[in-house]
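Structures follow.
Look for subunit A in each of the two complexes below; its partner is subunit B in the first and subunit C in the second.
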Partner chain A sequence: MYGEEASKLAREAKRTIDHFPPYNDPLVRSITREIRHLHETCQSLIREYNLQREQAEEEARRRWQEQQDQNSQPAAASSSSSSSATTAHGSDRSDPNHTTLAMLEPITPLSSRKQYRSLEALTHELVQPMTELFWTKYMVHDTPLQRNKRILMAYHFQRLEKIKELAWAYNSLSDSSRRLLSPDEIVFFQEYERSCRNKYTNLPEFQELDLGLGLMISPPKEVFITVRVLKDCGDIVTESGSTLSLKKNSEHFVKRGDVERLINQGYLLHVA
Partner chain B sequence: MEDYYDIDSILAEDQNIKCVFHRSIPGLAWLEGGQDDVLKAGSRIDIPFWLARELIGHPQGSVEMEIETPDFYGTKVRNGLRAEATVVDLPKLCPHFFRFGAHFLQIIEDPKLGEVLEKAFKDRLQTTMDHTQSGGMSNTTEYLQRLDETERELYKAGLESSASVHQWNQHSFGRIRSAGEVLLKRKLA
Partner chain C sequence: MSDYDDDMLHGGFGAQIPSVEPEAQIDPSQYLLHLTQAWINERAAPDLLQYEEDSVTNLLARIEEQTATIDELDSGTETAMIISILYQTELERVKFVLRSYLRTRISKLERYCTFILADPSSRRRLSRAEVAYAENYLRATTQHYHNSFLSSLPPSVQPQDLEVFDRKLSMVSQPPLDEAVFFRVVADIGDFQISEEDTLLLQPGQIYILRYRTVRVLLQRGQIELI
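What follows is the complex of A and B.
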C-alpha cells in the first residue's frame, strides 16, 4: 500500500520529538523514490485518459452525425441556409465596418444550437463514466504522493526548528551534533547563523549590550553562580583578572559572564 | 490547512476506515489485496482516512462510494462513554480517538457523535488534570494507559507546569544549558 514508508517516518518524528536522532537518510530516499514512481503512474494515467476521451468524443460525434442524417430533411434546409449566410459573411470580411442584417442575428441559429446541445449530451453520456473512473484511479495515486510530500515536509520542518534553536543558543556545532545532521542541514545551520548574526549584531542596540548569538538567551537571574567542572579545562583568566583553576569535579562560585561560554560548550555544569 | 506540518494531525489521519465502491474499477484490485485486475463493485475495502477523504465527492466526478462509521464510534462505545467516560480504554480502540473524530466529522454528518465526543473529553479532562497536580496518585500509571494521544499531550503539559512551579519555588530557574542538553531535551524553562 502506498504511503506506508511515509507513515513510518511520521511515527519516528512523533517518537523523537524530544530527542534528536540522526537524519534518517535511507527512509527519506525511499519515500522520494515512491513519489517519483507515483508521479510517473499519474502521468501515464492522464495520457491514457486523454486518449480514451478523444476516442469517446469521436464516437459521440459519429453517432450524432448518424442521428442528424436520419432527421435530415428540414435540418438540411436550415443548415444550408446558415451555410449560405456564412459564405455571404465571408465575402464581406475584407471590410470590417460593413454590417449586414444577417450579421446581427445570433451566430448559431436556434435549430442548430439545439443540435449542438444534443451533441454535448451524447458526448457527456459517453465520457462521464470514463471520467469518474479516471478521477478515482488518479486520486488513488495522487493522494499518497501528496501525503508523502507532506510527511517529508513535516519531518524536515521539525528538525529545522531544533536546528534554529541550536543556532541561536550556540555559535558552532560540536562534533557529536554534527554527526546527527545531514549535510544539507549543516549548511542550513551555517547560513542561518550567518544571516542572523549579520542582521542582529549589527543593530546599534546590540552593539551596546555586546550580545552575540549564543549568549544570554534568557535574562540572568543573578550575577554570581555556582558551577561544577565536568571536564578538565586547566586555568582560565576571569574578567576581573584573577585565575581559576578548573579541575574536574571542583565547584566554584564565579561571575556568570566569565563562565557562560564554558557551560554552553559542556565543560561546566551550572548548579543551582 | 494550518496543521499541514503538524505530526499529530498527520498520524491521526492514518486511521483505516471501511469503504464500499458502487462500481467496478479496473486496475485497483490491489487496494483489497486481490490478485485480478478489477475491483468489484460492492466490495468492502479498508483504506486510510486520508485516501478516503479525497476519493469521496471529487468535484470533477468520482465513482460513488460509501464510508462506514468505524466500530469504535459505534453504539457500544458511545454507551460506555455516556455511562462512565474516564474508564473507557481509548488507545485500544483508536490511538488518536478525539483528533480522528474531528477529521471524520468533517466528511460525515453525525451531530450525535460530536456531542458524545465533546462530553467524554470534558469528563476525562478533569480527572487527567487531577493526576498531574497530585504528583502520582496510586492508579496514575494505569489511568495513563487509557488516555489517547491528545489527552497524553495535555497530561504532559500539566506535568510540565507543575514541575515549573516546583522549580520556581526552589529558585532553580534560568539555568544555563549546554549544547547537548538543548538537542536532547525539550525546554523546561
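What follows is the complex of A and C.
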C-alpha cells in the first residue's frame, strides 16, 4: 500500500524524538523509490487522460456532425435567420479548449449558438466521466507522493536539529555519534560547524563571551561550584593558567566557567 | 578600602546608582536593564525582534573593562579577592544574559530561515553577522536535503518551498504570529483596537494576554514588555 513505508519512518521519528537513532538509509531509499514510482504513474495517467480526451472530443464532433446532417434538411431556413446574432460570439470562443469548434466554423458558417452549445454539451457528456475518473486516480497517486516527500523532509529536519545540538555541544564528532550519521549528515555537521557556528562565535566582538558553550538552563548563581567527575577527563587547564586533574569519582571546587562545557557534555555532575 | 568602594560604584553593572564617569552619557546599568528586557521579549515573542545593537556592543565593551579590573583585583589583598568574586559573579550573569539573548535569536533564525531572508522587514531586524549566519545556514540545509534524498526524486518534486496540496500549506515555516503572549503595559496607551470591532483599555502596569500579531506594534514602540 502506498505511504506505508513513509508512515513507518514518521513513526520512527516520533518514537525517537528524545534520543538519536542511526540514519535509516534503507527506509529512506525505499520511500524515494516509491515517490519515483508514484510520479511515473501520475505522469502516465496524465498522458493517458489527454489521449482519451482527444479521442472523446473527436467522437463528440463526429456524432454532432451526424446530428447536424440529419437536422439540416428540415431546419435549413430557420438557421440562416439566427446566424447574424451569433457571429459576434465567434471571437471570444477562441480559447484553446475549443479549438475543435474554431476548426469547424469555416466548414459550417451557419453554426448558431444553439448548435455550438449542443456540441459543447455532447463533448462534456463524453469527457466528464473520464475527467472524474482521472482526477480520482490522480489524487490517489499524488496524495501519497506529497505525503511521502513531507515525511522525508520532516525526518531529515528532526535529525538536523539533533545534529545542530551536537555541533553546539562538541567541537568535533565523537566516533560513537559519527556512526549514527549518514555520510551526508557528516558533511552537514562540518559545514554547519565551520560556516555557521564558528563564524558566528569567533567574531572578534564576541571573543569574551564564550558563545560556543551549550545553552545553560539556569543563570549562574555563583562563580565557584562543586562538581563530581562521572567520566575521566584527564587534565584541564583553567582560565587562571593552573592545571586541574579530573579523575573519576573525585570532587572538585572549581570555577564554573572552567567546567561549564564538561557539565553540558555529561562528564561532570554539578553537585552544589 | 575606599578605592574598592569607588570601583564598586563605577563598575557595577546592575548598580542603580547613576554613573559619575564624565565620558559615559548613559549609565551602563541602563544598557543591562534594556538588554535584559530585550532578552525576555525575545524569548517570549514568536517572531524575531529588532537586534539591540547598541546595548550589545556597549555591554561587550564593559565586560572587557570589567575583566581587566578583576585581573587587577585578583593580584591584590584578601579583601580585594572577595570583591573580585562579587565582580565575577556579576560578570558571569551579564554574560549569561548576552549569550542567551544571542542564542535565542539564532535558534529562531534557524527555524524560520527561509522566511526571514525572503521577507525584507524581518531581514532588516537582523545584525550583519546574523544575516551571514542565516545565509550560510540556508545554504547548508538546502544542500543537505538535496544530497540526502531530493536529488534522487523527479525534478518537479524537488523544490523545497512549494505550497503543498494547494491548501496554503507552505513548506516554508513562518513565525506563528497568532500565538498568544502575556505582556505588561509600561506606557500610557489608552484604548487600543484589538480587532475590527473591539477596543480594549490598556492600563499601565496591568498584565494582559493577547494575540502577538495584535500587540506587535506596541512592542516595537516599547510601550509594552513581554513576560
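What we mean here is this: the second predicted complex is superposed on the first by the 189 of 272 C-alpha atoms of A that agree within 3 Å, B and C clash if a C-alpha of one lies under 4 Å from a C-alpha of the other, contacts with A are read in each partner's own complex, and residues count from 1 in each chain.
Simple rule for what comes next: contacts are C-beta pairs under 8 Å (C-beta built on N, C-alpha and C of every residue); 3 or more make two chains touch, one makes a residue touch a chain.
The model shown is predicted, which means the values in this text are computed figures rather than measured ones.
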item: Touched partner set for A:192, first subunit B, second subunit C, both or neither; value: second
item: Contacts of A:153 with subunit B and subunit C, given as first, second, both or neither; value: both
item: Which of subunit B and subunit C A:184 touches, first, second, both or neither; value: second
item: Partner chain in contact with A:35 - subunit B first, subunit C second, else both or neither; value: second
item: Set intersection of subunit A contacts, subunit C complex versus subunit B complex; value: 143, 150, 153, 219-221
item: Subunit C residues within the subunit A interface of the complex; value: 57, 60, 63-64, 67, 74, 85, 88-89, 92-93, 95-100, 102-103, 106, 110, 129, 132-133, 136-137, 139-141, 143-145, 147-149, 152-154, 156-157, 160, 164-165, 171
item: Contact set on subunit A toward subunit C in their complex; value: 28, 31-32, 35-36, 39, 143, 145-146, 149-150, 152-153, 156, 160, 164, 182, 184-185, 187-188, 191-192, 195-196, 199-200, 203, 205-206, 208-211, 213, 215-216, 219-224, 240, 256-257
item: Footprint of subunit B on subunit A - complex, ascending; value: 1, 3, 7, 10-11, 13-14, 17-20, 128, 131-133, 135-137, 139-140, 142-144, 147, 150-151, 153-154, 157-158, 162, 165-166, 169-170, 174, 176-177, 180, 218-221, 225, 260, 263-266, 269-270, 272
item: Residue ranges of subunit B touching subunit A (in the complex, touch as defined); value: 4-8, 10-11, 14, 21, 23, 25-28, 31, 48, 50-51, 54-55, 58, 60-63, 170-180, 182-186, 189
